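Each in structure tokens, the structures are laid out below.
One chain, subunit A, links the two complexes that follow: it is found with subunit B in the first and with subunit C in the second.
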Partner chain A sequence: MNPRSERKRAWILGVLLVAALFALLLKSAALGPSGLRGASVARGLLAIVGLTPPLEPNHQAIVELRAWRGLCAAGVGGALALAGALVQGMFRNPLASPSLIGVTGGASLGAALGFLILGGVVPTGLALGAAWSALLVPTLAFAGAAATTAVVALVAALHGRTSVTSLLLVGIAVNLCVAGLFAAIQYLTLAEWEVGKAILAWTFGALDDRSAAHAATVWIGLTLAALCVPLVARELDLFRSGEDDAQALGVDTRRVKTIALVASSLAASAAVAAAGQIGFVGLVVPHLLRLTCTSNYRLLLWLSIPAGAVFLLGADVLQRIVLGDGVLQPGVMMSLVGGPFFLFLLLRQRREIAHW
Partner chain B sequence: MSTPSTRLEARALVLAYPSGARALDGVNLKLASGEMLAIVGPNGAGKSTLLRCLAGLLAPTAGAVEIDGAPLGALRPLERARRVAYVPQYLSAVPDVLVEDFVLGGRYAHIDRWRGPTRADLEAVDAALSACGVAELRERLLTELSGGQRQRVLLARAAAQSAPVIVVDEPTAALDPAHQVAVFGLLASLAREGRCVVLATHELSLASRAADAIALLVCGRLRAVGAPREVLQPALLREVYGPDLLIEARDGGVLVAPWARLG
Partner chain C sequence: MPTGPRLPSVAGSFDLFHLTFRAPRRAALLGLAALTALCACQREAPGAPPAATRAVRVIPTSASAVDFASALLEPERIVALPEQALEYSVLHTLPASFASTARFDVYLAEPILALGPDLVLADAFQAPETTQRLVQAGVEVFTLPVIGSWRDACAALLQLGERFGRAERARELCAELDARVARLEQRASSGPRPRAVVYSSFGGVGSTAGADTTIGDVLRLAGLDNAAALAGRTGHSDLSFEALIALDPELIVVSAPLKAPPSAQGDLGGASERVLLSSPALAELRAVRERRIVALPAWLFATNSFEIVRAAELLREQVDLLAADSAATPADAGSRAR
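Up next is the complex of A and B:
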């Protein structure tokens, strides 16, 4: 295919995705059983940014809650897809996902620790205010994800040069340790019904009851990660013919791997902190883009952000239309829909599989 | 190419494995721009290791590689790539990219991150594609090419890199005779343009006609270095490669072919 037409198609797709994203955000804010009309929803949204006087408190609260839900879903989808694309570029494997480098496991452990503290199982001696209590789980989830990724990266780098294979193997080992600790916490809290339930529910992901803090967390993480894209995009394209080959062309491979690792960890950690565990987005969205548009990382990394946002928010809107509010948690929904969908794609693209 | 003259020099190169075994043991080489040096030797002699050291991709345990007196090991990757282009024997993965995009990858060290490729970069790609006879393949996917075409595209990418030194690892492995001749001709023309060209090869006959000098590497040590006809002596070749050889001085070169009674 002609590169000019590839670039053109990527731009068209990008514009369409951004337009779809705005439409979905508005639809998401208008969707629900409260009987609010479109005009009031619009005024409520403008009131959030201070452009109009707020609606009557109950209605304003409802609109705000839906706005944070929409912004969270979009940000989480975009961040997970970007993190997935970065990790896939670095591992040179379209099946890689952020969970490989310990993001998911670390976040789960951090969140579980947060629930233990909130549930009083782990006495901290601190009296947490309501605001701090709300932020404790996301903060610890983020810290857990970032710390686990750091451990994976540092252990893999112990013997000088960090090869992608050693990163992968250390990732598997660290993930096992973290999963063991998480299982231990789950087992030990079997008697603490409320705590155990909260931990279990967190692993399903959540988009309801989101606050401005959740939305800010994921969008800040996503923005910081996106700022790293120009520093690694060209390089990841050269990685496609092998890391040694990229090195010979003048790529500082160590720097590229470090930046890609930090950026993907930041994006995925922020996403997990804001909405719990949501699988498949990071794996499926970059793959869909490869099948439909481009394998060129200079385009793919940017496109993955609006594509992931539309994917998760669209799925959330769709399930709210079909099933009503909050029937399935996003993590569950993504597993149920994403798995078969991915399998379908693979079967349609047998040639692709042969090339791996 | 109008680069000022360049000197590539390897001094007392040693590359030792953690076990203490030496892949390279005191290798000295000198090469000036416009010259082509063929490194030959049996399998496992250390040819590829030597090439990776000469390209600055592998740090020697002792000794140094210098370009115009500047040690290669002290250079940052970008600066190194502006001085030395390295052509691997094969790619560890063949990406599904267009040939022209792949060759543009050779300009990585010249392209400004924020401004993107300039007219000079695109012209260098055009010139390299033409010089290597692959201009008509530019809109094809790299994955669709034959082995001979792919090898010439790899050389085109190295030519586009515009480095004064080109290091090439076994460029004719798996090529038919016509393509072998074409690739050697291409390397000779890159040298004539004023580059230092170093290659590793098992094609002794073609090397004897195309290269200015041949270095015979045996067990990590240089057994002989010099003009092709001085190095490719029947006695020395039979000592290194065994007796099953047909050797014949011919047209200024040396014809060397495996030859034995089989079965």
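Up next is the complex of A and C:
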């Protein structure tokens, strides 16, 4: 495909995705177990931005819950897809995902610690107020994800040069350590069934009961990561023929890897802090874009944001329409719906894949 | 004093071995294997009648099993207590009579066999492979029926009473429960039935209990209407904030933590109560705004035995206190917990 038509195609897809995203956000706001619909929802949404007086307090609270849910789903989808695209570009491997650099494992460990503190299993001696209690799990999940990624990056760079292979191996090793600790916590809390259940439920992801703080967390993380895209997009395209070749062409590979690592961990950490573990989006969305539009990172990285948002929010809306609220958590849904869908696409495009 | 593990009886095999001493070794080994397998099959046979002997050394392996065993048996007949489940049982404060009783961590065959029981009391949800190993080793395993209400618990008490040779004690306990339930029903019939929701959350998505749950039976006995059950919910299910707002309960029942210290606000309702109080979306929910949140001790919140009645009595007391507080100072009706 010539570059001009590729760019045109990407623009058209981008516009369609943004339009679909707005439509899905509106549809998401109209769905919920309380039966609040139509004009009331519209008035409530306008009231959030101060354009109309708020509804009766409980109705306004319901509209806000739906709005934060939609924004969280879109932000989490976009952040995970961008993180996935960055990691795949950095590792030059289409099977890479944010979990490879320890984001998911670290976040799980942080969240588990939060649940242990809330459940009183780990006494802190601190009298946590109600507001701090609500923020404890997302904050520790974010800290856990960021800390694990930092450990991966630092250990991989011990000998001065961070190769992609060493990052990959250290990532696998750190993931194993973290998974072991997480499993130990799960086992030791079997008797504390409420706490154990909360830790387990977190691994399925959650989009219910999100607040403005959750939405802000994920969108701030996504925005900061997106700001890094222009700094690495062209270089990641040059990475595709190999790190040494890129270096020979004048690319500062160390700088590119550092920026890509920081940006992807920021986006993925914010996503898991806001909605728990939701797999698959970071792996599949960049693939879908490669199969349907472009593998050029200058386009792919930008497109992955609205594509990821539409993918997760669309799946969430669809399952709420078909199955009703609270039937499937997003992590489960992604595996059940995303897996077969991805397999279908791979089979449909088997000729192209044969050349990979 | 615990005795050593009781090995499966293979006495017949040894006899056979001695009888066929002059026969080829392979034939003797085959005979030994066949006889051992036959013995194992006989012990595993489903529906086999329980041993007629009086169970002397009993091990309860779950919280509800502890409740049943400690109500019916003399302490010296309870050989060991389950460490992990103890906090959710009536013995969570561990009376002096059980202070020296042995403990075991998890429901595994080896530590239980090492304690030499002749009857193990287990729940249906506990590891079936462990139950099978215990049965193969010649230990009787009594599986408690599924308890959905205090009536189910009473039936289980009578059944266990027969098995333990304590039928009279079981009948006394059931009669006592009948009387307590009658008092609760009388108390409940004299006033309105507030709409209540059971809520549980540790910062993730919350959950509630609908119809056909033990905590639902607690609400009913305490004179409360279970709003989740009235909305058609059955069993335990997720409850989003929006669904909670839609139910608009007059009262929310949460679990008091097992170990967490009270928070700065002085509430004892633990994580679930803090989630309710800290979420801006719930600030205008009637039960939250009026602080009509009551906390049951964790062991009663999760009880799966006849202690349902005790949970209902405690809940009723708290509801009455809350009503009295509201009547005295409407603005100062704070949450209560035990």
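By definition in this document, the second predicted complex is superposed on the first by the 348 of 356 C-alpha atoms of A that agree within 3 Å, B and C clash if a C-alpha of one lies under 4 Å from a C-alpha of the other, contacts with A are read in each partner's own complex, and residues count from 1 in each chain.
Please note the rule applied: contacts are C-beta pairs under 8 Å (C-beta built on N, C-alpha and C of every residue); 3 or more make two chains touch, one makes a residue touch a chain.
Because the structure is a prediction, the values reported are computed rather than measured.
In the superposition on chain A, contact of A:Gly339 is made with neither subunit B nor subunit C. Residue by residue along subunit A, subunit B and subunit C are tallied for touches, and C comes out ahead.
By the touch criterion defined above, A:Ser295 lies against subunit B but remains apart from subunit C after alignment on the C-alpha atoms of chain A.
By the touch criterion defined above, A:Ile62 reaches subunit C but does not reach subunit B.
By the touch criterion defined above, A:Gly180 lies against neither subunit B nor subunit C after alignment on the C-alpha atoms of chain A.
Contacts of A:Gln247 after superposition: subunit B is touched, whereas subunit C is not reached.
Shared-chain residue A:Arg234: touches subunit B; no touch with subunit C.
Once chain A of one complex is fitted onto chain A of the other, the partner contacts of A:Gly38 are absent, as it touches neither subunit B nor subunit C.
Within the complex formed with subunit C, the subunit A residues making contact are 32-35, 57-58, 61-62, 64-66, 114-115, 118-121, 123, 127-131, 133-134, 136-137, 190-195, 197-198, 201-202, 206, 208-209, 211-212, 276, 325-326, 329.
Those residues of subunit C that touch subunit A in the shared complex are 83-85, 87-88, 106, 200-206, 237-243, 245-246, 248, 255, 257-265, 270-271, 274-275, 277-285, 298, 302.
Residues of subunit A touching subunit B in their complex: 2-3, 92, 230-231, 234, 237-238, 240-242, 244-245, 247-253, 295-296, 355. Of all the residues in subunit B, the ones that touch subunit A in their complex are 55, 57, 76-78, 80-82, 85-86, 88, 91-98, 100-102, 105-106, 108-109, 111, 113-114, 139, 143, 161.
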